[in-house]
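So, here come the structures, one by one.
The following pair of complexes shares a single chain, chain A, combined with chain B in the former and chain C in the latter.
What follows is the complex of A and B.
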């Protein structure tokens, strides 16, 4: 280790590849979070619904995803779906689909807890001014739940961004994959992996700071 | 003050309600005429609040009927079968009845002004500018013109309750329900809320209130209803109910407020 001579020039030469990889990872994480929020919201409502079949289906989905390794889901989706005749997804789309389903299960739990924690009084106040059921959800329940669950949303975005490194397993050119490529092509082991590490770290920290600012903006509830 | 000749606004007949095996309302009859202020008094557990909540269907009642302007609340009778109205129909009925709650229930993610505007824009379909004008008018009327951009957590209990009253009255309801609206307030904040209610009563608003503020009830109400064990035990003008309690239960109940009431003269 003491004999290792750092040569950072390979990093500068591959800097554009690193940045593209970082943006791809971020893009996949944000997209998965958005789709995951939509899935999560629907599943959370399904879990709280009166209908037993809906309840059970939502429960099964959440438990299936949460008790399966993400990498396995990535492989199932990328290698398994084409076997079933679903061939129109490229690597990135396949991974985003997997990560969205994964995020959906976790967001479903977050939203379920959020929806259950909203005091009945707010809904009654909305009823009392004559709001219809969907209006009560749209203008009272969801905005309040959004503010309650904002911190979990930030944590999930950071987790999802880190999980995009698993896309390297199906050769999506994100950060981990790119670091491995640079490593393999240049034999600059430490430079490649340290760069990837630093980029993950800085990005995650920046996300946390940015979302904390958003949380303060919406801190009117307490 | 409304006379008995004013039009009948709310009519309840034989309203019953149970929670499991516990019968809370055992057949309530009540009339409220336009412009009247009617007060429900009685010990806790006597069913006052439950009855109030049945009127805008926050609780479903089981038998009997409640009519507002002659239209039955919550249900229609079809070939002798009682059917619940759709949520949309119930929502439309609720929009004609305002309610102010014990715990204020302001929407926590909205400023005072937005709290008042929400029903005006979403339920009444008013343009934003007009809704804002109305909201400002009512916030001014309850003495909170300088607090309209404050969020509920930035307001005192008394201020929150006044916003809640503005929110209810801005919808121009036919009837305004008050459910122990001063019970959660610090004593020094009660007067400001009662003053707003007295102002509304003077302006001719029809009000039905559950209250333990006996002095206020005595001064402001046109009609007092004493509930006991899920029935109306005595009803009449305040002077009659307070000075000639017909039952030992009412005498006992009023006895607790004796000091206050004799002070009222």
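What follows is the complex of A and C.
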């Protein structure tokens, strides 16, 4: 049953393609996380706002995105937006846009939890020393919130990196797509997929380790 | 109804859409069943297992959580055939999805069991319950309340992940919509239609999970 002869030369010949693919995936994940953080922060503030309409709109956004499969969102963005006349996005841009909107919904929940876990006394103390509302947000609420939410941020980065594999569905040359191509061109099934798997695993663990170090550095101060 | 309108096209494609929906449902239910059963066993092994066994399960769980599901699905699809294991794409996909979800559920169950106070186990030991009795009468009933809400989330994730089976050619609900689009070019309408259907399923599951979470929130052990 297990008489499979490994031939890794195929992988070495395509090594550059694998590395480029890995970097593309990482880049898309980081970019989406950054944009997603901005969206998430705005949506989190909207959910905690006094205004009912804002609250509802933010809730609807989060629920809509979180309950729809990512692959469907990717297709909607890539095939659907051109129907609406938005034709200037290429594959990578379209995917990053989708992933950012997706990340935004998850980050909104993370930030909402972070914002509501900040002790009220902090804000009151800031008020007492005469800080204006935006100063209170800028110097008290946001720094504390970022420390509280840092672990979720790193988990989200790892999931986003894994989610970049879906870009293969619209032929973005990232890791999964490259592995599939090597598989199709050379029939070295095991080598191609083992390489992709190993690269994903190693990268996920590298991200996790690096971010744990950052978390220790900024351990949440209560 | 006029030819070319959305409703007409849905009516034309009704059987294909329904069968796609059925495949999505059966893939989800099968995956949830397999993953829950094996996840429970692995979760218990992860908490109480003999040390080397615990390490093995830990390696499995951590490895699977670091690999994208899509890679697992493609690996299962192309890889199983190499060993002359002739599985249809549907089963390759379900096996891969289950393998991934088992890891998540095992971790949830370990977390649920470890969140129980030691006193419960001690009390159960004190009244003379054997290990399997402690599990059956004390640990599992108590842990269920902790585990059920995150388990519902995993179920919603599984339903969403079944869309990935479309990439290996299983005509589940997303692919049946794409086939309809290929015939009539109603891109936005059919994708929105699919989104609404998935939204309804998952929103129901997640609201149920939130309800259970609220109901169990006041339990203190």
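Rule of thumb we're sticking to: the second predicted complex is superposed on the first by the 219 of 222 C-alpha atoms of A that agree within 3 Å, B and C clash if a C-alpha of one lies under 4 Å from a C-alpha of the other, contacts with A are read in each partner's own complex, and residues count from 1 in each chain.
One rule holds for everything that comes next: contacts are C-beta pairs under 8 Å (C-beta built on N, C-alpha and C of every residue); 3 or more make two chains touch, one makes a residue touch a chain.
If you're wondering where the values come from, they're calculated on a predicted model, not measured in any experiment.
In the superposed model, A:176 makes contact with chain C only, not with chain B. In the superposition on chain A, no contact is made by A:6 with either chain B or chain C. By the touch criterion defined above, A:56 reaches neither chain B nor chain C. After superposition on the shared chain, chain A has more residues touched by C, the comparison being chain B against chain C.
Residue contacts after overlaying the shared chain place A:15 against neither chain B nor chain C.
Shared contact residues of chain A, touching chain B in one structure and chain C in the other, are absent. In the complex of the two chains, the chain C residues touching chain A come out as 63, 66-71, 74-75, 78-79, 82-84, 156, 159-164, 166-167, 174, 178, 181, 187-188, 191-192, 194-195, 198-199, 202-203, 206.
Interface of chain B with chain A (complex): residues 56, 58, 87-88, 91-99, 101, 103, 105-109, 118-119, 122-123, 151, 153, 164, 167-168, 171. Chain A makes touch with chain B in their complex at residues 121-122, 124-133, 135, 139-140, 143-144, 147, 218, 220-222. Residue ranges on chain A touching chain C, taken from their complex, read 1-2, 4, 63-64, 66-73, 75-76, 79-80, 83-84, 158, 162-166, 168-169, 175-176, 179-180, 183, 189-190, 193, 196-197, 200-201, 204-205.
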